[in-house]
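For reference, the structure is listed below as structure tokens.
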Amino acid sequence: MYKTVIEPRVSETDGVGHINNTTVPVWLEAGRNKLFALFNPDNSFKNWKMVILKTTVEYKQQLYFGANVEIKCWVKRIGNSSLELYEEIWQKGKLSAKANTIYVNYNIQENKSETIPIEIRNELENHMYEEVLCE
Amino acid sequence: MYKTVIEPRVSETDGVGHINNTTVPVWLEAGRNKLFALFNPDNSFKNWKMVILKTTVEYKQQLYFGANVEIKCWVKRIGNSSLELYEEIWQKGKLSAKANTIYVNYNIQENKSETIPIEIRNELENHMYEEVLCE
Amino acid sequence: MYKTVIEPRVSETDGVGHINNTTVPVWLEAGRNKLFALFNPDNSFKNWKMVILKTTVEYKQQLYFGANVEIKCWVKRIGNSSLELYEEIWQKGKLSAKANTIYVNYNIQENKSETIPIEIRNELENHMYEEVLCE
Amino acid sequence: MYKTVIEPRVSETDGVGHINNTTVPVWLEAGRNKLFALFNPDNSFKNWKMVILKTTVEYKQQLYFGANVEIKCWVKRIGNSSLELYEEIWQKGKLSAKANTIYVNYNIQENKSETIPIEIRNELENHMYEEVLCE
């Protein structure tokens, strides 16, 4: 599992007094940096590979300014060129949001999806979500 | 249907060269301003009503800087206290993203969901999504 | 003067209940789209020209969700390769923020600043800030 | 000096390929969390104190995705109710942005500025910018 700790920012709250719902996808993407680097080790945008296809976010608890959050990112399914992530956001011991997100390994220059290379696939398998253990 | 025109901003793009995926939920929320005002006519945050429960976003086409986008927001289903939206983002004649989003009518002070009042329900019915006509 | 109307978004507010201060530079940049297009008519990022050097923002009045804002962008000074903007944000008849911002006309590929072409200079002169008339 | 380490996000870059200029004020504000907590220990927005009056940001070097940044925040001047910060953003050993920012200690309920209490003043003095030592 890829784990990222984020300190909430005032600019990420909204007038209702909590973290705005649009901040959640921003944090989830921030939690994928190590995954992105796996496909694109030099972090260059010219060779960017991971293109998002779909995301479902469930808001379970309000998130607050003033306490760190933990973003957990598991791999749920590895397809030929696509992969599905399962992600959770925790704050003060509470599961506050969860998401399922599908990415495709895409060659932007040639405008086509590409098979996920075996070395990356092997590494991704170290981050698989095991339903029984983790919930 | 609630329709909102948005002019993309440089700050909403990312290094890959398109609109960043996290901008899409921001634009979708921006497209709900009239809906929010229906539940909370003075736009005060103290009496804020609409709390998001879940959203699913599908990314169909890249979105670009340099051309306006149109956010379309329909009501798909009206429950007792919750409602489901169906939303689309169009740019240059292409459906670029679509979303299904569930909100609940929530009393933040008393910390409980509330029945959607009949007058709001009647107004929401003017914005229902009709699958045959619109797709 | 370049004028842009923006409808504030919930995500642009913060917990204190107003528009967050970091939204102001975002809106100011949004108000420069026509200026950017003058230097880069096809809006491509490959040939992007305008690079920011410095900005000073003064916060005069709180900005609110629920009423449109107007971004006004004047050219204050045109140098050889740089230009200075004077910008104002108005809401409900009040000057809420003002800014002075310096950009340079930069060739990103060759990594050097470039003289502002005469045709652009002529067009910029149509947007000069005239202190007496405008304040 | 208050020091905050931030891992850049894809959503904070723009089409030109670097961190967008509007991200810099966001990071600077994120670097003020300990300062905000000094004035408002429970981080509640109801008792929020620090209101920004003015900020000047100088962009010295491009900031990139793929390497952490360090936000350094010093107190430059303590007035009766206001204070001036001097802030720097460093990446890979380079000073990439710097800022001068003025805040006022403001009572939002009573709508007036307040003298900075002596205990806070004493603590702020531990974070003073010493020009000779630090540049």
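In order of appearance the chains are A, B, C and D, and numbering begins at 1 in each one.
The rule is short, and it goes like this: a contact is a pair of C-beta atoms (placed from the backbone, for glycine too) under 8 Å apart; a residue touches a chain by one contact, two chains touch by 3 or more.
Since this is a predicted model, take the numbers as computed values, not measurements.
Visitor: Relative to chain A, which chain's C-alpha centre is the most remote?
Guide: Of all chains, C has its centre farthest from that of chain A.
Visitor: Would you say B-C or C-D is joined by more C-beta pairs in contact?
Guide: C-D
Visitor: For chain B versus chain D, what separation do you get between their C-alpha means, in angstrom?
Guide: About 33 Å, centre to centre.
Visitor: CA centre of chain C versus CA centre of chain D: separation in Å?
Guide: Result: the chain centres lie 23 Å from each other.
Visitor: Just curious, how far off is chain C from chain B if you go by their C-alpha centres, in Å?
Guide: Computed from C-alpha means, the inter-chain centre distance equals 28 Å.
Visitor: Going by the touch rule set out above, which residues of chain B reach two or more other chains?
Guide: As it turns out, chain B has residues touching two or more other chains at 10-11, 13-17, 21-22, 26, 29, 45, 65.
Visitor: Can you list the residues on chain A that touch chain C in the complex?
Guide: Against chain C, the touching part of chain A is residues 10-11, 13-18, 20-23, 65.
Visitor: Using the touch definition from the top, list the residues of chain B that touch chain C in their complex.
Guide: By the definition above, chain B touches chain C via 4, 7, 9-11, 13, 17, 26, 29-30, 33, 36-37, 42-43, 45, 64-66.
Visitor: Within their complex, state which residues of chain C touch chain D.
Guide: Listed in rising order, the residues are 14-17, 21-22, 25-26, 29, 45, 48, 51-59, 108.
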